[in-house]
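Got a structure for you, written out below as structure tokens; questions coming shortly.
We just call them A, B, C and D in the order they show up, numbering each chain from 1.
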Amino acid sequence: MHIAFIGMGGMGQPMALNLLAAGHELAVWNRSKEPTQEPVARGARACRAPDDVGTADVLISMLADDDVTHSVVVESGALAALKSGAVWINMATVSVAFTQRMAQLCSDRQLRYVAAPVLGRVDVAAAGQLNILAAGEEATLDEVQPLFDVLGKQTWRFGELPEQAAAVKLAANFMLASAIETMGESAALVEAWGVGKGEFLNMMTSTLFSAPAYKNYGAMIAEDRYQPAGFTMKLGLKDVRLAQQAAESRNVPMGIAGVLRDSYLDALAHGDEKLDWAALATVSARRSGQKK
Amino acid sequence: MHIAFIGMGGMGQPMALNLLAAGHELAVWNRSKEPTQEPVARGARACRAPDDVGTADVLISMLADDDVTHSVVVESGALAALKSGAVWINMATVSVAFTQRMAQLCSDRQLRYVAAPVLGRVDVAAAGQLNILAAGEEATLDEVQPLFDVLGKQTWRFGELPEQAAAVKLAANFMLASAIETMGESAALVEAWGVGKGEFLNMMTSTLFSAPAYKNYGAMIAEDRYQPAGFTMKLGLKDVRLAQQAAESRNVPMGIAGVLRDSYLDALAHGDEKLDWAALATVSARRSGQKK
Amino acid sequence: MHIAFIGMGGMGQPMALNLLAAGHELAVWNRSKEPTQEPVARGARACRAPDDVGTADVLISMLADDDVTHSVVVESGALAALKSGAVWINMATVSVAFTQRMAQLCSDRQLRYVAAPVLGRVDVAAAGQLNILAAGEEATLDEVQPLFDVLGKQTWRFGELPEQAAAVKLAANFMLASAIETMGESAALVEAWGVGKGEFLNMMTSTLFSAPAYKNYGAMIAEDRYQPAGFTMKLGLKDVRLAQQAAESRNVPMGIAGVLRDSYLDALAHGDEKLDWAALATVSARRSGQKK
Amino acid sequence: MHIAFIGMGGMGQPMALNLLAAGHELAVWNRSKEPTQEPVARGARACRAPDDVGTADVLISMLADDDVTHSVVVESGALAALKSGAVWINMATVSVAFTQRMAQLCSDRQLRYVAAPVLGRVDVAAAGQLNILAAGEEATLDEVQPLFDVLGKQTWRFGELPEQAAAVKLAANFMLASAIETMGESAALVEAWGVGKGEFLNMMTSTLFSAPAYKNYGAMIAEDRYQPAGFTMKLGLKDVRLAQQAAESRNVPMGIAGVLRDSYLDALAHGDEKLDWAALATVSARRSGQKK
């Protein structure tokens, strides 16, 4: 299968390398050139521009957000350069509204659109152990499943409409943000009574909450270790906002999402935009006067 | 060690049976008589009244809340009947303010107070696998540790002040309630986009959130299975309120706690007070018009 | 009518003076003696203790909260000293639960209980221009109406059950706190875009919001003038808590009340407990980084 | 002064008629033709299309939202048809981000942009008694002040940057929505204790809250009178969202705005989108089980 892969960021590059290692023919593009060097060294063709996708059967994009994806894939002409019947797999976290528009656009152009955002950070991507949240026409999903099998350890299908996977991914990130805020509020409560947050979180994440999300973020919160950022506060706010938009367009009130939004804004107003999004947990400490 | 155990409810009775099985001499009391029959059949002495605690070295109480504990242990004369130097281990979930008052009362009467609320439901208590959250003077904790070793699989110590364990327990229940509400809001979001909440929650609790709390409550939410109640909505609200009170007395804002409180009230206003507290997750569905 | 008036605080003393000026026979008591001097100089009898209420037909109390009222009126023996058929008019802001208990207590003792909390600060009390929010048996209200006519410009009756007036008063204070928080959030929003909050609030309180509550608190917020406190932050939080309790016991979710509670706690955690409760408006400024 | 007035809706038409009555030369346009008949009957010229603005010195637009304004004023060519130095006065409620973009666009094209949203509904517009919230270059504001004097009773200037007036208008609508929600929560509280919401709101809006906003909406809430809608729930949500966006782009947490958003969504999910936005007050009644 001829694949064009656009977006060699922290996630995209190791994913592309895995596809190369599995024997796929790959053309790659990235805004800055440096991240394409390793894939090219391992046999990928470097695209001169996004629209130099050649005869790709599948275009995979892994870009920052709606706007960047639109600019690089649509406005640049990459989509227009695809041959009829090709598949665009968007693996980034984008809005449901954007997903709906892109699915329509592909349909209008005799292309097929698959939404396949992922769970997992850079190391998980490198290990080919992502959880892939996919939605699109079943036959198309079957067709690209071999690629998902290279990139992830499991593919979860959520329906025929690409926006369904987008909604699932936003709900997943909402759950993570809520877990972080919840640990932050709990930590502030026990600290106020003289119990170390580390002791508390260690107990919780060793018992009822012994899940990767809690263990990972719980340890960061216990140690106040928010740099380097695996995923920034600014991106955390963006994803909460996208979850709220997805909810708003279907009249779903989400009380905790509103709390998260305000906590993120509080943190950004205090200069924390580049910290890891686990730093959301520091807002309760500051509000309660435990941290200056 | 001579032990008096007051409160043979769903949790208390199996705990008492475990102590008997481990060879401890036990006197038991319960408001209604039926639950004391099995412990008595296994060798416990039945107290005629709470103040018939005899020469107990240790009084363990496992009662519903602050008021019941005060009524049964203090007003009934049980505490006054203890000999000087005896230890009262309160294993129920009570308020930090009540804990502080009881610790002071014991201190005034040459008694020793230990707060040791637990994590785990009835089956876990029966298996002697509770997580015990203890606070009190270190020497006293050392002294009663053999009892904890019978009742639980692990004892976590949180300080010399009994209220520290009370605060930890309330923070733990807050985290559970937040997890339930978070799953409820997420479920409403994905359902609004046509994704089954069961599929979504199965994926989440198989991956990032593969912890007992999420697996257990996630399955109940997925199946709308809220009866029989392991822990009722009414008790859920009570514990959120206690967490808020503990937070308020130390000036800790907890945004999510406010959301939880309102969701519980919404549910109670709709007649759900006897359902399992996982039914908190249905509030988002009702508010978004997905459930009548 | 023989009146005993307990509580010569900022509100109580001018109210007592107005009753004296209207020709009523008055016995007064206050924990500290100084505030009773002026009423005594104008003809009031000084009680030696709360239970020295003599032959009073009516006992009026104006005390800080539930606990002080219980201590001074009930525990001290004042209530027990009243003759059968006497009326206790509680004009303070207390909880609905306390109001219910006091009404029951009076009923048990052949006394009559009237709840009559007021709207208006010290200067309004001095001018006899209070708005009196009354509830109790209609015949009793008719009987004491002449006293209300001296103390206030208007009496609003809200039912036969004293707790109804208590609930109304708590709802009124909730509306005030919400107005303050709303102005605080709005002020932070416009300031963030370079518009002076004073200009904004002046416009709003000159047009759609030209009400005493907004003009008064709007001016304080515009000028950051929170001292001397007419009503402290600590009392503001107390009243929001009482409103939440009144709501909780009837299963009424109040989303804004939750926001208010957290804002108060945030302010108290930053040392503002003695400021006027209008300082609630500063929390949004601090959270958004506009104020250090 | 030659004026082109685009948007003959409920607000725009009476405003245009007032300008005609004051002797101004007017060209009018509206998507549907009927609303232009009365202005034309009174001497206005009917534009064939938005770009038929002729030699207008001033273009006034009063359109539904960002998108309609962009479509009718920018995409249609109206703006491009204006002569250099002309002034575009946008009197609608639009986002701050859109306001910034339009101001830049005008600046690029040697046009001048004034933001002048208004407070007041249709009857106030007809009476020429609007409050006009203006921002733009001072000299330009001076130049168009005579028009504002015809349309409103007072013009409030908030700075040289048009977005400042946009932010003020959104803050004003936020304050209105908060007042409605606050009355709704209070009404649910007192009703839960058996006090009629009408009695309560009448007292409040006759005393501390005797402002037009409270009297107007308080009466609607007291009577459950939400039709015909002066301003719909859907538009209410839109404006809260715009306030949240304006706040988010400057890192301002607004706790009450989050509550409002969820209340609106709850109402829309229950089919109330066409009711007057005062129907926000019914959400608390429904959540507390007082209304089915």
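Worth pointing out:
As a convention for this text, contacts are C-beta pairs under 8 Å (C-beta built on N, C-alpha and C of every residue); 3 or more make two chains touch, one makes a residue touch a chain.
Chain by chain, the UniProt names read as follows: A, B, C, D = NAD(P)-dependent oxidoreductase.
Predicted model only: the values in this text are computed from it and were never measured.
Taken together, chain B and chain C share the touching chains A, D. For the pairs C-D and A-C, the larger set of C-beta contacts lies at C-D. Between the CA-based centres of chain A and chain C the separation comes to 53 Å, rounded to the whole angstrom. Chain C and chain D, compared by their mean Cα positions, are separated by 38 Å. Residue positions 247, 251-255, 258-259, 262-263, 265-266, 269, 287-289 of chain D each touch two or more of the other chains. Chain C makes touch with chain B in their complex at residues 237, 241, 244, 247-248, 251-255, 258-259, 261-263, 265-266, 268-269.
Of all residues in chain A, only 255, 262, 265-266, 269-271, 287-289 touch chain C in the complex they form.
By the touch criterion given at the top, residues 96, 119, 131, 133, 154, 156, 158-159, 161, 163-164, 167-168, 170-172, 174-176, 178-179, 181-183, 185-186, 188-190, 192-195, 199-200, 203-204, 207-214, 243, 246-247, 250-259, 262-263, 284, 287-289 of chain B touch chain A in their complex.
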